[in-house]
Amino acid sequence: MSSLRTPDPNPGWLSEFALDETRSRVPILYVEAIPVRVDGHGQVEHVGMLLRGSATGTMTRSLVSGRVLHGESLRDALMRNLEKDLGPTAFPQLPASITPCTVGEYFPLPGVTPLHDPRQHAVSLVYVVPVTGDCAPRQDALELTWLTPEEAVHPRVSEELEGGRGLLVRQALAHVGALPA
Amino acid sequence: MSSLRTPDPNPGWLSEFALDETRSRVPILYVEAIPVRVDGHGQVEHVGMLLRGSATGTMTRSLVSGRVLHGESLRDALMRNLEKDLGPTAFPQLPASITPCTVGEYFPLPGVTPLHDPRQHAVSLVYVVPVTGDCAPRQDALELTWLTPEEAVHPRVSEELEGGRGLLVRQALAHVGALPA
Amino acid sequence: MSSLRTPDPNPGWLSEFALDETRSRVPILYVEAIPVRVDGHGQVEHVGMLLRGSATGTMTRSLVSGRVLHGESLRDALMRNLEKDLGPTAFPQLPASITPCTVGEYFPLPGVTPLHDPRQHAVSLVYVVPVTGDCAPRQDALELTWLTPEEAVHPRVSEELEGGRGLLVRQALAHVGALPA
Amino acid sequence: MSSLRTPDPNPGWLSEFALDETRSRVPILYVEAIPVRVDGHGQVEHVGMLLRGSATGTMTRSLVSGRVLHGESLRDALMRNLEKDLGPTAFPQLPASITPCTVGEYFPLPGVTPLHDPRQHAVSLVYVVPVTGDCAPRQDALELTWLTPEEAVHPRVSEELEGGRGLLVRQALAHVGALPA
């Protein structure tokens, strides 16, 4: 599955025009990963979040997130986006099951659902991914910060997370038994 | 969530041309449902499959399956497709969690993965859905048949299922603890 | 599975002495159910909690909870405890899969883990169970109250829940996509 | 959680007499692990099975399996049993979530359910556990063999697995998307 190739010559990448048009036609499929550090028994100890400068000059937090390209498997899309955001030495350990821990539904209008994305209707498959190596985010992600579960669910952190993703973080921590009491 | 509306005037339905074009650009998101009859304790006793006449005159089996439209929530897409294929009196009971029991990845080329769809790269979120009412499939689905788990995983039935979906049936039965020993 | 019978003449019920002795030897297996009301699309709208008078005169909240007896299947244990706490006309709909949505680990010493049970080391399999009928709790459960997800995760309600089970409620709501934003 | 200690002086281990007595009173809680080798994208490639000489001189296959001791957390029980059966250099990677991929119910009478255990009523929480190191089973497990998913679900292998656990292997492979087509 990981080296899956289709005969389609389309490279998966779309022009901005084609992507905008497509976004008005169908929900766009994303994968999202919440990087974590685990102890020797698999228990989550820290949650990784990307800290970015937004277009408006404020700081925002985000998860590892990206589109699934045409012809690309979910595992390939996850690995590609993890490497893009965490660098080549993060050594992410994808779970044995590709069934997501939760599914995010983003609509263009804020307030319709807890999650929103002004660009599009998007559906994201969300995974908790332990990483064991060194993370070196690429240029436009200024910093990767490791937070304890208590810090990760703090209301201020939730507000800084783009698109309402503070909810996804709490859902994912609940899934791995690391939601603070 | 269930009566979610976006201000988008686009009704979600696409012309054949626009749909074909879109299919060449991005993976298309589907929901698939495996209708089941359960006993009083929730244990699956029968699996519902649709029996259709194919274009080549042979009989094929299929699951409840359909695209998620632009602006449509996953629960709405599931209910719309269940009603389309099982009629208005099936009374499907969607699970409390919208996280799928498994995810299907379909590629246009047969043999790349166990699942294939000659029309497109599709990703489907798969659910086991108990139905309690009477099922009356619409015209082009000739019959809904209820099979025991043993019958449902029979190799001949698996072969009759479109696109390699016999694997999805076995995955779903494993999920609900009804895979024959 | 639901009418499973073993030839063991032991009725599963133990004397207080035998139960105390057993509790000092092995972890005791429980099932716990969080009753919910769902809308027509399966989305959780209300959470049911039992309000009991405790031995010390204060009010405490609890979930549907009980031991799995010797020779009893998980589904039978769930149905027995649901009927015990919600009465015979609650019509609980057990999920098609018996895999729990989360697992609770209770230790006798408070503070070791978020969950504790002064009587014993217990492990509970936790399920979200939609109920469609009328709930009439038996005598020692004074009241069944239906709370919105927002009310159910309120800190005061969490404190009233026995043994730290407020955490289980939040984990279960996260699982069904009903954790408040 | 992993270094959890209760003040209970009881070491968890029971005399044969006390264990037999306990087994007649309550279901006994087990953890079971299916060791796997995964590729760089997390996809399961091989399944590990223990090959033992049975008391009757025939060869039987088994999974990593053991009781949860009094006062022991699930993660500790998993790690202890993995080390017992795979040796100290197997480096098992417990999943981030302790919710099992499936639950096994064993009854003393064969034929009541697909799983049986002549000694007891047991309930096991089942996990798929990637191992990255060298496995050196202890003395009474003669050999650890790595099978492809196709080999692992072969009827002859299923028959050699104790207690009907061939079903658990197929359920686990279905869970991780590695059930052969």
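Per-chain numbering from 1; labels A, B, C and D assigned in written order.
Note that a contact is a pair of C-beta atoms (placed from the backbone, for glycine too) under 8 Å apart; a residue touches a chain by one contact, two chains touch by 3 or more.
The UniProt protein names, listed by chain, are A, B, C, D = ADP-ribose pyrophosphatase YjhB (NUDIX family).
If you're wondering where the values come from, they're calculated on a predicted model, not measured in any experiment.
Listing every chain that touches chain C and chain D alike gives A, B. Chains that touch both chain A and chain D: B, C. Rounded to the nearest 5, the angle that brings the Cα atoms of chain B onto chain C is 180°. Averaging Cα coordinates per chain places chain A and chain C 33 Å apart. Between the CA-based centres of chain A and chain B the separation comes to 27 Å, rounded to the whole angstrom. The residues of chain D that reach two or more other chains are 1, 98-99, 101-103, 175, 177, listed in rising order. Of all residues in chain C, those touching chain D in their complex are 1, 4-8, 10, 14, 18-19, 22, 24-29, 67-74, 98-103, 105, 107-109, 112-113, 121, 123, 125.
In the complex of the two chains, the chain D residues touching chain B come out as 102-103, 114, 164, 166-167, 170-171, 174-175, 177, 179, 181. Only residues 1-2, 36, 38-44, 75-76, 78-79, 93-99, 101, 128, 130, 175-177 of chain A touch chain D when the two sit together in their complex.
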